[in-house]
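Here is the structure we will look at.
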């Protein structure tokens, strides 16, 4: 099975051309999602193609698409399934997001191979060891922060990591880091963005007296908590909930929003469109 | 703008063929939804086609599709937009579903022309009069029930009604009626089906002590409360809610589920597939 | 039936003292809600008291409570049920919130007597007339704004209005107005506050690419969109929803959040605690 | 801190009497929840009492309550906090509910001490070993079922288990077992009860074409899937979801509903009232 993700300027006959290319080589469309942003005249699509009856080699099929892709002035990307994304998880102290990801990987909910867990504290080390995953502890305190990010970047490069998940990693990323790994960094923020940007969102939520708290899974850009949103989740709260209660209840939002966001990304169901994310939900 | 709804046995190249037909006449696909039921090998699709640049008359475009449609062994249906479905609303005593529909029609949320309101009680007469819609009171008590349904059917035929909405119409429809208007009858049941079929679902829900109540919008078949489900909505309740509270809270579920269900149907976003309804949500 | 709402500094034996006072006069507690804010050491309670067996006149019972109330250094408030709050609805152009309130009043969901509908445009005039409710059109354009608010205030005073609902009233209230009617002004803001304060929240939500939109019912203070929140409601949206879709979908959030917020206020289920609202949900 | 849970026939002055008893010994009410079922004239309450300033020993305070408790013809129960309930988890093959409970115990979300994990298959053995919890594998196939339940009962007795959680334990319990551990058995059923009782609820849900799936946490009685409901959770699904997708998505409902249900039970927030459960949510 092949996944094709594509975006291009809107123009006549895109669907016909793409579907005809697939059909011309005996590919069978299993799923076809498209979205035309009529405000900006852009076209986005995602296809799942059954390739068992292809009349050419998979490589030729993929290469052969270039003629059409270039004619459409498209960005496109093929991925052969099944696959596992080489993934690093960055953590600090809290374990719930890490545990959620590990559990879902073990249930085959998420097509990831966790290559490493990287922490600026050692709280998650035991979990990593239980699962037999390498744990890298990186000192980022005080003036070691820059060097720390250099070390992390090196690990990601060395291990050919395709996706890095900030699973409650409590460090602000430098611009160069966001730039180098652009589109490959997913964060979970513990509020319903754009409300409560920055530190202590549950305390902020308590002080504001909101009746719903939330969590936001988003791509990381150099603009703090402002990257394209992939998924959000909310939960009702009461006046009687203390900031500690909000933190406890919010964990469920964080786990669910992060897990769904990762899944959408991993299966190529997301396309970044400026500051918005197209998400072809399944 | 043209909406095309289609279902057929699954087979190679369907998307390519349909999209190519549209493109061959200079139609522009605004939206393309498809679903392949791999369990039963059936294909379903809905297209929105911008026809402003068509190189043939609309009629020719529609007629010309028959060659492909028949080759695919498809059922299909075109609808030109904008349109208004000629619609009758059947009621008994309660007014909230009726009011919701009328309000949404006035807001252009629902593309309906309400030709008549039909009641076996007169509770909704004042509302009909305020809105300037003909109200037909049909006596269905005791042995007048059969005759009553004959009268209703005659009204629907005379007025060329395309859709009949059972907006808390508290009468069980005879088989011949369900048969004659099959696919054109939408009901709102005041429970989360298949739980609490039949009478007094809120009382049943109270007795069972459920923590969520619901409402179900579905197509009517001769099998009571068992037709294809279009939409469902639920709401949390507490042990402290009496059956009367559930009734009050449930009204919000009923209004929302019914309104959404009607909207999906009216814009041809539903396809009946045996006892299930495909719903291409918007 | 009597509703008692009370707040006071936290101290020993409050519940015992209040419940004993009620019991001492043969009152029967139907419902007792309390909340102790341990962060600020404040106590809040709401009681429903069956007074059919009282051994004194209702007035004496209410007056007699003062001894305890003062000893507790409490703020308190009694209300005899059933009752109807004299209510004004302020509107501009859109009708959905107005319609929702009127419908719920007619269903006895909301214990309000609508004394007047006040609009700075005439879009809601027809609805007011259909319902037989006085409609006051107040010109607030340009330099007539100050005078307009004076006129509105005069209407509220003349009609002894107990509650004013800003049902999508698109004018920023002056400080003196917020001050004079403090605690008696309820607004519906068409976003999930504190996100998207100010104008065009649906456009802001589209631009930010959020996956959930919302509405917030809150008390009005002189700080725009920052008053105590009574109720919030959210709804999932997709990348394919245009700003116009968000506006359409958001209307359902607005109607539900506003209706619930009004209900909580009207039945004395809310207590303002600084910038937060205690809400004893039912 | 002391938790008091109480139910009795409705009668005058209950709250005053209970609160006065607490106050008379210098107890401080932290939280007071009550519910009067006016249909059946029953009274239910739950109190959290700060006992740091009590003027008597805790034991005397608890014993001294008997006079009032008996006068009210009440059932009541005190529990001193903090505490940990001795808990057994019964499993078959699937691990997600087990993992969820273990994770929440480790996060101090659930006040449980897991004394044993009991399985009629060995799929969960590795998890138990990783956590250092004794795993009992009980053969229940064919004619060994009766003997198996005898063995399980013996373990529960030997270990003084206070709560048994059926975390997707795929065996129907015999009547004697339900009777012996009545009120101490919590099950998670993978549907929105009373819909889809019995086997394969996700397949049933697919066949019926519902738009929401759910999970139900309930006390076990000898009547299959019909015990008092503690908590329910639902999730929207689409026509495109296969039975396998429903199973995957449903896992999140199951984990959340089960965890919340256990929490309510463990903190004495539930009172069984015939076939309904009073739940004082926090």
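Should a chain be cited, it is by its letter among A, B, C and D, assigned in written order, with residues numbered from 1 in that chain.
FYI, contacts are C-beta pairs under 8 Å (C-beta built on N, C-alpha and C of every residue); 3 or more make two chains touch, one makes a residue touch a chain.
Chains and their UniProt names: A, B, C, D = Formyltetrahydrofolate deformylase.
Just so it is clear, the structure is predicted and the values come from calculations on it, not from any experiment.
Think of each touching pair as a link: the shortest run of links from chain B to chain D has 1 of them.
Of the two chain pairs shown, B-C and A-C, the one joined by more C-beta contacts is A-C. Chain centres here are Cα means. That of chain B falls 36 Å from that of chain C. One finds 41 Å separating the Cα centroids of chain A and chain C. Residue positions of chain D touching 2 or more other chains: 38, 240. Residues 35, 38-39, 192-196, 207-212, 214, 228-232, 234, 238-240, 242, 273, 275-279, 281 of chain D are the ones touching chain B in the complex.
On chain B, the positions that touch chain C within their shared complex are 95-96, 99, 103, 107, 109, 130, 240, 245, 248, 251-252, 256, 282.
On chain B, the positions that touch chain A within their shared complex are 12-17, 19-20, 22-23, 26, 28-32, 34, 36, 38.
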